[in-house]
Amino acid sequence: MQASLGGVPLVSPVLTASGCSAFGQELDPFFDLTAIGAVVTKSVQLRARSGRPTPRMAETPSGMLNSIGLQGPGIDGLLAEELPWLAARGARALVSIAGSRTEDFAELASRLRGVPGVLGLEVNISCPNVESRGEVFACNPDASAEVVAAVRAAADPAHPVYAKLTPDVTDIVSVARACADAGANGLSMINTLLGLAIDPDTMRPVLGGVTGGLSGPAIRPVALRCVWQVHQALPNVPILGMGGIRTGLDALQFVLAGAGAVSVGTAVFNDPSAPVRIAEELAAALGERGFGRLSDAVGYAHRRADPPAGRHSR
Amino acid sequence: MQGLAEVLATRPVSAYVELTLHAPDIAERCEPGQFVSFAVGGRTSAMLLRRSIAISGVRGPAITVVVSAAGPGSTWLTELRRGDEVDVVGPLGRPFPGAPAGAPALLVGGGYGAAALVGLAARLRGAGHEVAAVVGAATASRLCSTDELGRLAAPLAVLTDDGSAGRAGRVTVAVAELVTGAGVVYACGPMGMLRAVSELAGARGLPCYVAVEESMACGIGVCMTCVLPVVGADGRTRFSRACTEGPVFGGDRVRFEDIGTLPPDVVGADAMGLAPAAAAPAGAVAGPVVTSPAGPGETP
Amino acid sequence: MQASLGGVPLVSPVLTASGCSAFGQELDPFFDLTAIGAVVTKSVQLRARSGRPTPRMAETPSGMLNSIGLQGPGIDGLLAEELPWLAARGARALVSIAGSRTEDFAELASRLRGVPGVLGLEVNISCPNVESRGEVFACNPDASAEVVAAVRAAADPAHPVYAKLTPDVTDIVSVARACADAGANGLSMINTLLGLAIDPDTMRPVLGGVTGGLSGPAIRPVALRCVWQVHQALPNVPILGMGGIRTGLDALQFVLAGAGAVSVGTAVFNDPSAPVRIAEELAAALGERGFGRLSDAVGYAHRRADPPAGRHSR
Amino acid sequence: MQGLAEVLATRPVSAYVELTLHAPDIAERCEPGQFVSFAVGGRTSAMLLRRSIAISGVRGPAITVVVSAAGPGSTWLTELRRGDEVDVVGPLGRPFPGAPAGAPALLVGGGYGAAALVGLAARLRGAGHEVAAVVGAATASRLCSTDELGRLAAPLAVLTDDGSAGRAGRVTVAVAELVTGAGVVYACGPMGMLRAVSELAGARGLPCYVAVEESMACGIGVCMTCVLPVVGADGRTRFSRACTEGPVFGGDRVRFEDIGTLPPDVVGADAMGLAPAAAAPAGAVAGPVVTSPAGPGETP
């Protein structure tokens, strides 16, 4: 079931999600890492980061809150150990980069030029978890565009650059458009929603970071709405869709809404082999519905035309 | 390893429930100190995250676990019936290390934590070690595995805070008495107990291994929610994952007093406090900058 | 457990939610309508509205999407039948009003002056379901302020005016502040999140209205975050908190975050007697934690002080 | 009325499962055509909404329902075991009206819809009416209640689309034959069947009552999700709630062809199409304005 990410061919349209697969090593016992589209790595910054104090998680109805604070080895550690490990196994990495200043993003992009096994870059302008005095980049079209342009300019021309958007904005289409105009080769949608949980016993927020990012099936309808609106407005901009995907039929909804590929994040915590299972289920679902190629189904739900000759049980 | 295990038996054990599960792949490879993680709530449950439960014993192709009904997920596990199937992943985490040759071992279990020591006691006895044990709990009904450990360890000291069973008092009282005759100490139970036991062992320069508990979203090392500050071989403190670098750590390596905080000397702590506009003012202690969220969200 | 809504005393801090209790009559067999704080009525407009074509609902993980389109009898029908029915039984109504123009809101407010049984007004500037060429009022601080000011001016001085906010904005605090400055006596938070579901068989959006409002426990963390942020910024503005409340401990979280009263909506579909059950559970939870009065607990999680002498099981 | 009912028995009935539930309060007050709604998935389920299921029979303090496993919720119901408890609300909705004095009744059931007619047949026979019945389904395994209705109705015509049981063909074929001898018609089953039966009865000026199905979020009349266009006594069409104004409607009152659309003559339809800035241009047909969402959200 061939797919692609900003023109780069993928063996499968299903990828992991940044922060839900570390750097791939821990998932290796559960499935063949070369069988999925790519491992999307934990957002990395220039310097190593400890991350926030615990508690860093709270379970919520059909979801969870996390406040990790982008713990990670930093670009040097990534280049020295994590990426070589993946490349040695023929696995592909979509490297997620993050920073609190435009220059940081640009430097990260250039450090990753020509690195073996790196498929492309996911620019995390929307992760809500790390302290900063300013606003989330992705809440501001201009700030987002600035980062995307800088990354596009500094990055390896062979690396597609995907800008990752937050749903916590009044008009996600304006941010999407700004990123596309600034040279993004595609858009990753959505990051977590900002949420809170209070422990009824301690009567304080559960998370050390007070608020945290909400993910999992609970947010799937919001993620689908964002993909729908952005594809409706920018039908030619490739979308990597994510947010609560647990089954092939969930992934199918994202494809029909306009996503050319999907990421599976929180569902991996419930089912470590979810990415390969979901890819199989998606392939079967597309076949049953008469889609010869994945690309025929992308954005199909927007088009008024009758469904193809495939099975319709309703 | 991931799959469905059939519940062969379920038995109330004081305030807990012992489940016996048919899981040959896990039984054949697991070692004392490791745990498994269960999907809970059934097919349509709103509880997405797995619950991590220590492996208490192995009987041929079956493993046993002892579950305490805390919240909805563990409560669901205690309500499983014979013949039900449950989705389990494991064995997970790093087991208890072996004891130094000939060293007499002291095992210390708190509440259901004692269950994770039964397999260890058997293994140590099998390797010719003397095994003594201390088992404690808040009250009699919270004690666990006293019979099994009674058959494997001598002496076995049993204590309850409220004196409703065995001696009245905290386990540390008996540990202080028995630690002098020990060559290695293993402990599993509440964090406070692990800290006290580690200090007692450390004071005597005894190797001490503790199995910790931290809230776990994934249990397999991909989410970074289960970290605690642990001093590495290089002397530097890192936020280490309880699920993969643990749950068993050297008692002297865990900075118990700093759990839930961000000590400034943790690797990468300096990067956390940086103001976006300018570098942190010289000399500013990049301590735990626990400010309320700065506006609608926090930049990465 | 006395409570109040913008100064008006309530017999209980638990109310129904607009659109989840029609006008109270259908819930009468399930619990005593006079025992809850108030029935929050389905948003009414000047004219009767048919509402959207079906399908109008889709179940989602721990929630649901709805696209009703504000079906209702219109203000004349409300004044003739629904409100008199409630007043005759001694039940209190918080009347939700909606419109597509500021003048509509003002006229509705004036029509409700002095009407027996009416406790106050909830101004629905955020319901995402009815067609209009313009933006949702509540997505724009100025538009929201304009409506609130007009309603406050036209409404019965004895009626507290609560502005109902949407979470689908970049900065809910700016909208909250604009409403408070415009004279709102309190803020109702949150309305539904805009979401979408696609039927994998028809391969079209499930809802006739394409997108719909997401509600239920799935959105609770987002609702709590909004209450937290607004109470943090505007500690003296009363908040009616709602969004996925199913138990007394859920309600307690909203109170600790800053809500002086709560609405229970989608949970009623699962448990028609939820409002009274939740009120009992909340009262017990407050008592167990040593809170003599509800007002002592409002916003408690923000204050650093140690918890009162109540039970702490951790 | 809301509470927990114990499952007394569960019995496979062709492709369905018949559940017998101990629910005295419901059994004593329910009438044929009414339904109950079940909370599904268990205590921790992510399925929040109740499932509406027609009451098929009453046996003393017990009621019976026939459940077809469609999606996860109904499937969960079919997996209930004897002794389990299920949270049920009911009786809900308006029952089938009585038949005109002495009028011979024709009952038409499609798929599991036939189950809701068994109680009605018994009641009509008890009141001295002649009862004929037509039961149909796509295939033999989807037929339902043919035995029960066979004991109560004469004649009983059984049809399957694929001819795997009874006569080959749609129920409308048999209805057209039997309707001439009927004085009143009752029907329950898929919308298409209800429409055809209503037309056949209407053509002969016969009173006809149909029990419809529409997706229900609350089942008790507070959410407005279960509406369909129904002509009122005043001749005006309104979006009426299937759960409270129905599920039984006069066959001639339901505008079957307009279900899922917004006919311009529905009460309040004119208010839907108004552009915010200006009134709809004169003469503009305020038809179903199915535009995609206008920006981030739609104003009220």
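Details
All chains are identified by letter, namely A, B, C and D, in their written order; residue positions are counted from 1 within each chain.
Going forward, contacts are C-beta pairs under 8 Å (C-beta built on N, C-alpha and C of every residue); 3 or more make two chains touch, one makes a residue touch a chain.
To keep track of the chains, here are their UniProt names: A, C = Dihydroorotate dehydrogenase; B, D = Dihydroorotate dehydrogenase electron transfer subunit.
This one's a predicted model, so the numbers in the text were calculated from it and none came from an experiment.
Annotation: A-B is the more contact-rich of the chain pairs A-B and B-C, by number of C-beta pairs in contact. When the contact pairs of A-D are matched by residue number against B-C, C-D or A-B, more than half turn up again in B-C.
Rounded to whole angstrom, the centroid-to-centroid distance between subunit A and subunit C, based on C-alpha atoms, equals 33 Å. Note: centroid distance subunit B to subunit C, computed from Cα atoms, is 44 Å. In subunit B, the residues that touch at least two other chains are 46-47, 292-293, 295-296.
Multi-chain contact residues of subunit C, defined as those touching 2 or more other chains: 61-63, 139, 168, 170, 194, 210-211, 216-217. Listing the residues of subunit C that touch subunit B in their complex gives 61-62, 170-173, 217, 229, 232.
Subunit C makes touch with subunit D in their complex at residues 19-22, 25-27, 29-30, 42-43, 45, 47-57, 59, 61-64, 66, 68-72, 74, 98-101, 124-137, 139, 166, 168, 194, 208-211, 216-217, 266-273.
On subunit D, the positions that touch subunit B within their shared complex are 40-47, 72-73, 76. Across the complex, subunit D meets subunit A through its residues 46, 292-293, 295-296. Residues 60-63, 65, 139, 168-170, 193-205, 210-211, 214, 216-222, 224-225, 228, 244, 249, 252-253, 256-257, 285, 289, 300-301, 307, 312-314 of subunit C are the ones that touch subunit A when the two sit in their complex.
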